[in-house]
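Shared chain: chain A. Partners: chain B in the first complex, chain C in the second.
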Partner chain A sequence: MVHDSKIRVLIAKPGLDGHERGAHVVAYGLRDEGFEVIYTGLRQTPEQIVSAAIQEDVDVVGLSVLSGAHLSLTSKVMAGLRAKGADDVLVLVGGIIPEEDRKALQEQGVSGVFTAGSSIKDIAAFIRSRVRTGE
Partner chain B sequence: MREGKKKIEQAARRWEAEVLKPRLERFNLEKSPTTFHTPLTTNGSRFLEKVGFPGQYPFTAGNHPFEFWRAHAKTAALFGFRPDWGGAGGVGKYGGFGTPADYRDYLLRMQSMGRRGGPNIAFDLVTQCGFDSDSPYAEGEVGRVGVAVDSLRDFSVIYEAYTGELDIDRVPSNFTINAPAAVIIAMYACLAKKRGIDLARLKGTPQNDILKEFIARGTYIFPPGPSMRLFRDTCVFCCRHMPSLNINSIGGYHIREAGATRTQDLAFSLANGIAYLEAGIEGGLAVDEFAPAFTFNAFGGSMEIYNEIAFQRAARRMWARILKERFHARDPRSMMIRQPITAHIGCSSTTLQRSLNNLARAVIGGMAAGMSGGIPGAYPPFDEPLGLGHSQEAVQLQLDATRIMIYEAKVADVCDPWAGSYFMESLTDRTEEDALAELEKVERMGGAVAAIENGYMPRAVAKSAYERQKQIEAQEELVVGVNCFTGANEIDVSINRVVEATYDPELMKTAEERQKASLARLKRERDGRAVTTSLNNLKGHARDHDRNLMPAICECVENDATLQEICDVLREVFGEAQPVKL
Partner chain C sequence: MEEMPRQLIDAARQGSERALARLISHVEDRRPGWKDAMKAMYPHTGRACVIGITGSPGAGKSTLVSEIALRLATSGLTIGIVAVDPSSPFSGGALLGDRVRMRGISAASGVFIRSMATRGVLGGLCQAAKDVVRIMDFARKDVILIETVGVGQDEIEVVGAADHVMLVTFPGGGDGIQAIKAGVMEIADLFVVNKADRGGADETASEIAAMLELSSEGQAGKPPVFTVSALNGDGLTDLTAALRGYINRKKAGPVLEQAHVRREILGILEREVTCLIRERVASNGNMEACIARIMAGTSDPYTAADEIIALFAPASRIKGGMP
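What follows is the complex of A and B.
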């Protein structure tokens, strides 16, 4: 697929976790960094997130989880993306992720984990380094 | 102050010219990095009107000359009594995980270590969002951020840890529950009935603050309108049958944590409080019958110590005025902002980087609390941002820091030590003015419910969260170890957190499966017909707006209808809240 426009990012809140601050900040921040950002709102099932990612034809999915349910929710989203042939989508996870779970997330296929204290600029730079535009 | 305004003005001008200006020139500054305040800062000495004495209207100086805990502080130290002064007074530490049996066993273990307070229950998100453990929405979340409660049977298992001298008529319970608060309150009432305890003797606090869920915390179920009907019904039920139970715990805390500015936090919290007062009155209560049973939850949440002190003072004064002037309350207890935790830094002020620094941060919050009418609690424990659950070590350091502030620094030996400070009085006035302007904006939209329905309050908070992040990234706001002092010469100090994990990870892993099995057993064993009848009855009552739903919900709970079954009936009648888009 040729991207001749902005990188498209879906920020999603899987599961029942209601902590939205991180998702809001990243959504606004990436928008200001020049990305096209879609925010799902709270309480999305992995299936809803996968179908939104495909419908919106996004390059990046950012999952925000602060409830401790990140491993199971992320693995379902990853499996859903694979099943729909969308495994080229870059998946990032943010929230409260214990150090020891980073590796497990990476093994699931997550490209980057951004916890508290991460900067928007770093997240934006990371996305730009992984998603090529204007090819 | 009889020096005369003119004389002070002259002196101030001289000081600026002869002392301040040369200093600024010497350091090549346009503006002073500090401020200094004189009698000119405040508009006169309206002491009685603006401050007053502690325990008297307008309560700026505090709700009481001293709080109950202060009266017992010395005794507690001499006897080694361990109240959880990191936060709330008579209530145990906030917690909950796994199945009801897992949590019960944990509570028993804590009691064997000297904990005496009642349970302060964290429910898992499944429960908070009105689902059962066997719902597809529950997968991966059962027992994770709190204990799973599907039925009265589950609720009763938790309380097996509270009998004898810790029975529910002796210790208070706290429930962090909002959207399904009516169901949990009904469970509490039914448990008391089963134990033969008079409802009037029940103590405790359900959070029961649904409006801030739409602004900040996200565990809503029904749209704001019907949610307020449920609030009204719990308010009337508690007031009539459980007069020792607090009705709610109105949260500034969560709103600030979601990113609100201090002004938004204060204005939105008071707007929510006003909506709850109106709901009680709609339910047919007189304001002084129920307003004394309102509580607030940890107003505050920043490192800015002066501002947080002013915030507490302004909040007390504003609420008192609203009650007196607008709702014509006469009972002083109606006018007080009662909070177990007062000023504090807010969990979002803690940093993952060099996390032991969070202890120093929490002490600043404790100082703010101690100097503005609260327990000088060092909250939260330093390992707050490291993951879910605090280590025993972090809690020990938190408790000790609080004790050091109380006993060694004697922070709480003076009531409102800032009263009369030119600086603090003017800051308190400004805090009040700003919040009042924002509150008026919300009121012009039609009040809290309208400002949620039109998205104003949630979006305003989201935008403020982003503004704060931008300030940090632009180094306009400095956070030690995060955007400054991060060089190679700084070292990361850590301590061992060797004590076993607060919650057994093995139990956490199997909680979902065990809870689902227990729910399946309940569904097999209960009287299915009684469940159906009581749920149908509830549906009928729900359709009639004027009817109080609590008796019907109590009947459902007693017949072992599950929390989700009850909420599903209400979803059918009330509809469901929609997530806010940006």
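What follows is the complex of A and C.
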């Protein structure tokens, strides 16, 4: 039987910063790479992000954080996903992330950190290598 | 690890959002067992009131859907939303952005929102969206709102399968009126002029009313036209009251309409046949052989189509073929 599956990606902007450009670029870029991208807009609470990830049954959550609050916001999202039994979701973080925080994010369970200047092709390739599609 | 649909079905029925979401993916992706899952759910469906919302891009459909959902949820109804957007014909990907305008809906409200791409399957969007609606119905949603952009035939069919169709337009969009003319008018039973906060809404509402007057001459009821602002809430109480009327009527006596059932069978068949063609004909070399003959000038695409169909059905039964 032919499967008709697509990798679904939630792009979310937690926290209070109002800069949407980077998230837009990634959202459109991943669409052009063939992903189904659900974009939720600015200033999402971790609770809203987790709820959207569950309802949309995404394979990947991409968090774009420019405010500097990436460690606490990400840990709340990770905890929320775990609490809902969705810890198999691949979580990526992008934005302005100091090199020294990379490790801390990975320890929280984040699979990939893509700072400004990462190419969409690289992000797409990373996702494809990590998400199993239905053949 | 893949859950068995059976477990998902039970959990979705008992209210697990995660199970409902996974069940939808399972069916949407046509993973093994999807049809058995639909068969198992079918007898428990048909209860929900399904409302299609369509209209030109940017008319405020998502904002309106969100406001309506919140109002209905407050009165204790369980709500599902299906937001359909087109897939890119080039990449096959999609950018699904309706949730941006549905942020007023908190995670605690129990409103279940699912974004859906058309995935470019011929005749498939309609059936795929209907399947998602049916699954939400099974998961005990009282009301299901489907948002589509009212442009393509596929989209119109999606909302056409709903119990009621609401057409959203806005003032100054000669565009809005254009969209109505494109054929949604006949299937809409509720017209909404949104963005009334901007002025000019009354004129647009009068224009629509005049058009309805013309087209429904001699008929019993004319569809109502509501003037609202999804942004500041004006007119939403009346609009929601009208929808409550639909919901109560459906609750009083869900009816299975012959025409709906017929269309649903055809929809499923169309999609299945398309899959069959892609799977068998396009992959087993028959297609390549036909192409080669056409390239060599010894056949033509019509003959090729006949030959391929003949693999499925006796030649005598092919419509348009020689008797």
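To be clear about the criterion, the second predicted complex is superposed on the first by the 130 of 135 C-alpha atoms of A that agree within 3 Å, B and C clash if a C-alpha of one lies under 4 Å from a C-alpha of the other, contacts with A are read in each partner's own complex, and residues count from 1 in each chain.
As a working rule, a contact is a pair of C-beta atoms (placed from the backbone, for glycine too) under 8 Å apart; a residue touches a chain by one contact, two chains touch by 3 or more.
This one's a predicted model, so the numbers in the text were calculated from it and none came from an experiment.
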item: First (chain B), second (chain C), both or neither touched by A:Y28; value: both
item: Which of chain B and chain C A:S67 touches, first, second, both or neither; value: first
item: First, second, both or neither for A:K6, with chain B first and chain C second; value: second
item: Chain B versus chain C as contact partner of A:S51, first or second or both or neither; value: second
item: First (chain B), second (chain C), both or neither touched by A:G117; value: first
item: Partner chain(s) touched by A:G41 [first = chain B, second = chain C, both, neither]; value: both
item: First (chain B), second (chain C), both or neither touched by A:P98; value: first
item: Which superposed partner A:A86 touches (first chain B, second chain C, both, neither); value: second
item: Which superposed partner A:H19 touches (first chain B, second chain C, both, neither); value: first
item: Residues on chain A lying within both footprints (that of chain B and that of chain C); value: 27-28, 39-41
item: Touching residues (chain side chain B, partner chain A) in the complex; value: 125-126, 128-129, 131, 136-137, 139-141, 144-145, 213, 217-219, 257-259, 348, 351-353, 385-388, 462-463, 465-466, 469-470, 472-473, 482, 578-582
item: Interfacial residue positions of chain C with respect to chain A in the complex; value: 17-18, 21-22, 24-25, 28-32, 87-88, 90-97, 99-100, 103, 106-107, 112-115, 117, 119, 121, 275, 278-279
item: Contact footprint of chain C on chain A as seen in their complex; value: 1-6, 8, 27-28, 30-41, 44, 47-48, 50-52, 54-57, 84-86, 134
item: Chain B-touching residues of chain A, taken from the complex the two chains share; value: 15-21, 24-25, 27-29, 39-43, 45, 67-69, 71-73, 96, 98, 115-117, 119-121
